[in-house]
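Here the structure is laid out as structure tokens; the discussion comes afterwards.
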């Protein structure tokens, strides 16, 4: 394992120190328990949008904290969900009197820990709702699994709901909006290489020089299917096919995501193919996001996310946002 | 014959130390069919438990289990944190405020732990989770209910080890390993393994 | 070699197609010869700022085309400078009557090709100036080499000069400003892994599991020193020491750059260390940039760039910019 | 005895094909001490040259060399594009508008090529560049100046090959390999090698 780190157990704490130094005007970063907060939190009278999860997916979630998106992010250890205390502390720090919406990726650990935090916070009299993101079509049968996982779509939910909260939408509205975005969002990822968790020290799985993994999770979990590597046309077609077979789309946001280690050159190349394939299927791409936004450490690979759009969602997507990783309109 | 606060503290301490010692094995098991953090998560959590136990001042066996529960909940994260946290919390509740724990109470505590884990995680036996170690452990404990604490725990540990081993051929239906589908078969479930390790350590500590 | 590509010879052309699809409102992308142009180019009465170089360093340079930064970028094949015709076509496309400033990284190939293009354009009556960026302290002795290389500092020069041009500074002013920024900027990079050029098919160099390379270039060139890997503290100290020994700094912009494959978690961690070391040396960090901005395909590694600041440069850095990779103030 | 437009076209075509065939070798040489694109760059450039030569309609040997020059400049990029482009452009100028090229003119063309490369790239002999192949080639050509075209080119090619081989122990002082410092020693310079390949192909083509 080669990484730019000191003690594997201190990676997240040290990275947070660097993040705080990098964004002094935007973020307040607390340690013990760790939380990344909007500098101006709590924002009185606004629904506070809070997310979090294991670290190692940066910029998710800390890179999306700021006006127009998240009020707080709770970073767990690498690939391990944060604890209830941690989430509860973040809730209390950013709660502005209009309730709190938790945006949680659907993994057993995340669900259990955020759920417990929500109970704690409710006991303190805070109105807390939780929306699960489960956009990964790799997980086919939810009866025999922990359900679909939350992957790339999470960033879209956070942006759209964050914009609504910023404009003053109430908690019910934010919750329904989040559920609506989740319902209309699907993703699928693939990997050319595995990633190495610092405290593990070796790759989470191994792929031969001529193999790729389709349907990988963002925690270095291997996927469901191991195949010989294919040209980009074939790879992107697999992703587009699986997503569009799962849900019918007409107007979409197309999000081409790098798993972390894929060069931008390859990512744009893949994005171009996805645009072409969607056009062939009569799907109109109205907005795009291309980059490493929901990553799995240094994993080489990509995911595609389609999010069904209407005029309201487009308007919320376009609304100003000022975070470390996404910024426009201000 | 029963276990005092000191005995329970010593047993939990022994269990914590044993799980900590198994860190790498549990990491490796989880790396193969999960995300490789189970050993690290429990290492972090039980290290914190040891520190809490050092503080002392517990007035009942239940108090020891309760501080173990809250410490695990606030330090482990992941799926195992809330699940083991709930298990210890429910055990504490089951014990009530007795000052000595006997075999019968151990059975009740184990039953409560299993109920708690199932209530939170909704896993059934055969789903390839810690429930597959805990379920036979409870059954075995029940059948030795009139024995002493150590005997009950020994039977539970034996059954948990067999239950854990029996997860190998299973296809996971809960937790992260379920994403692997058929490919999860052929591997030991890390949570079932850690449950067996914990019970074995508790049994050995109370025998002394 | 595992990459998300089709034909290795078509990588750049296909990536440009994807980039055009991703940024329809921002960019016009021409092929044959390839050029990435501001949608609203030419901007009449403004100095046109043009850069370019081999591909594989994305987002450099195409990701920096847009209001407040570059008017055009000329992407060559992977790690190969563009041709004079290509540069000349870009110059002609964005020339707005106030002259053209070429920002060129100091490599023999880039210098020769841009120089030739400048001659061609001058022959057409366009006032063209060329500023070489040579910020890499890895290359010690310029008498016995092709001179210092242009690396991370390039993006800072492009941002600052682009802001001045946007505000209406004339060609002389832009040229002197660029030279001033170059003179006050120093960088050093390191790698944990090499990268693989698509048409080569194997890594540009090999590092053992316990080795790192200090002073790597951004073209997969090995560096000057191969050392056992060290904790992040040691790595960052080496970079900071070499840079601050080369030039004295007081107020700076600190740019912590990923070579492409380094996770953001590690990059922030390294950034935090750099901030601490600079504070210890009495150097004030006034602005920061942290991310993969000048990359070497999927190479794992990082570089640090220090750019001396004064009030004027801070003001230009803060000025609005709207490009695919850098955006603020609008 | 001299070379007609057709002969020169055939010779440049043969040289292009030979360099194209050496793509992988040149890529590998450049990968080791440069950035691995030299073979790919020349492959792209000389493929374009072949397409241009297919168009035909050249009224002098100089016209053939000139179109080769401009095609290389507009397609190769990198250091080699402008350098080889300049070399061919200066050779064309040196030939003027003769319709047959003799040995003496070949020498003049090679001298002009070397001057052009040095003027643009400012490399001296011993800097581990194509100049280390071209310089001995020009000297050898001069010493056979009264011979025919093929003999002159054969002498130049022999010398270029020796010059290229002699770059192996050198420490690079120009081009990308110079960044490697001492570590550039022990490797053949890709540009010197491609110069030798080009001259050898020209020599063999004109001998037939």
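Order as written gives the chain letters A, B, C and D; numbering starts at 1 within each chain.
Here is the rule we use: a residue touches a chain if its C-beta (ideal position, glycine included) is under 8 Å from a C-beta of that chain, and two chains touch if they have at least 3 such contacts.
What you see is a predicted model, and the numbers here were worked out from it, not measured in a lab.
Under the contact definition, chain A and chain C share no contacting chain. If you average the Cα atoms of chain B and of chain C, the two centres end up 54 Å apart. Computed centre separation for the pair chain B/chain D is 76 angstrom, with centres defined by C-alpha atoms. With centres defined as mean CA coordinates, chain B is found 32 Å away from chain A.
Of all residues in chain D, none touches two or more other chains.
Residue numbers of chain A whose C-beta contacts span two or more other chains: 78. If you sketch which chains touch which, the chains link end to end in a single open path, with no loop closing it.
Interchain contacts (touch definition given at top) occur between A-B, A-C, C-D. Put simply, chain D touches chain C in their complex at residues 27, 31, 34-37, 40-41, 44, 73-83, 120-121, 171, 173-176, 178-181, 183. Every residue of chain C that touches chain A in the complex is listed here, in rising order: 2-7, 11-12, 14-23, 55-56, 58-59, 63, 78, 192-193, 209-210, 212, 229, 231-233, 235-236, 256, 260-273, 275, 285, 288, 290, 292, 295, 297-298, 300-302, 327-330.
Those residues of chain C that touch chain D in the complex are listed here as 9, 33, 54, 76-86, 107-109, 112-113, 115-116, 138-139, 144-146, 149, 197, 199-200, 202, 204, 217, 219-224.
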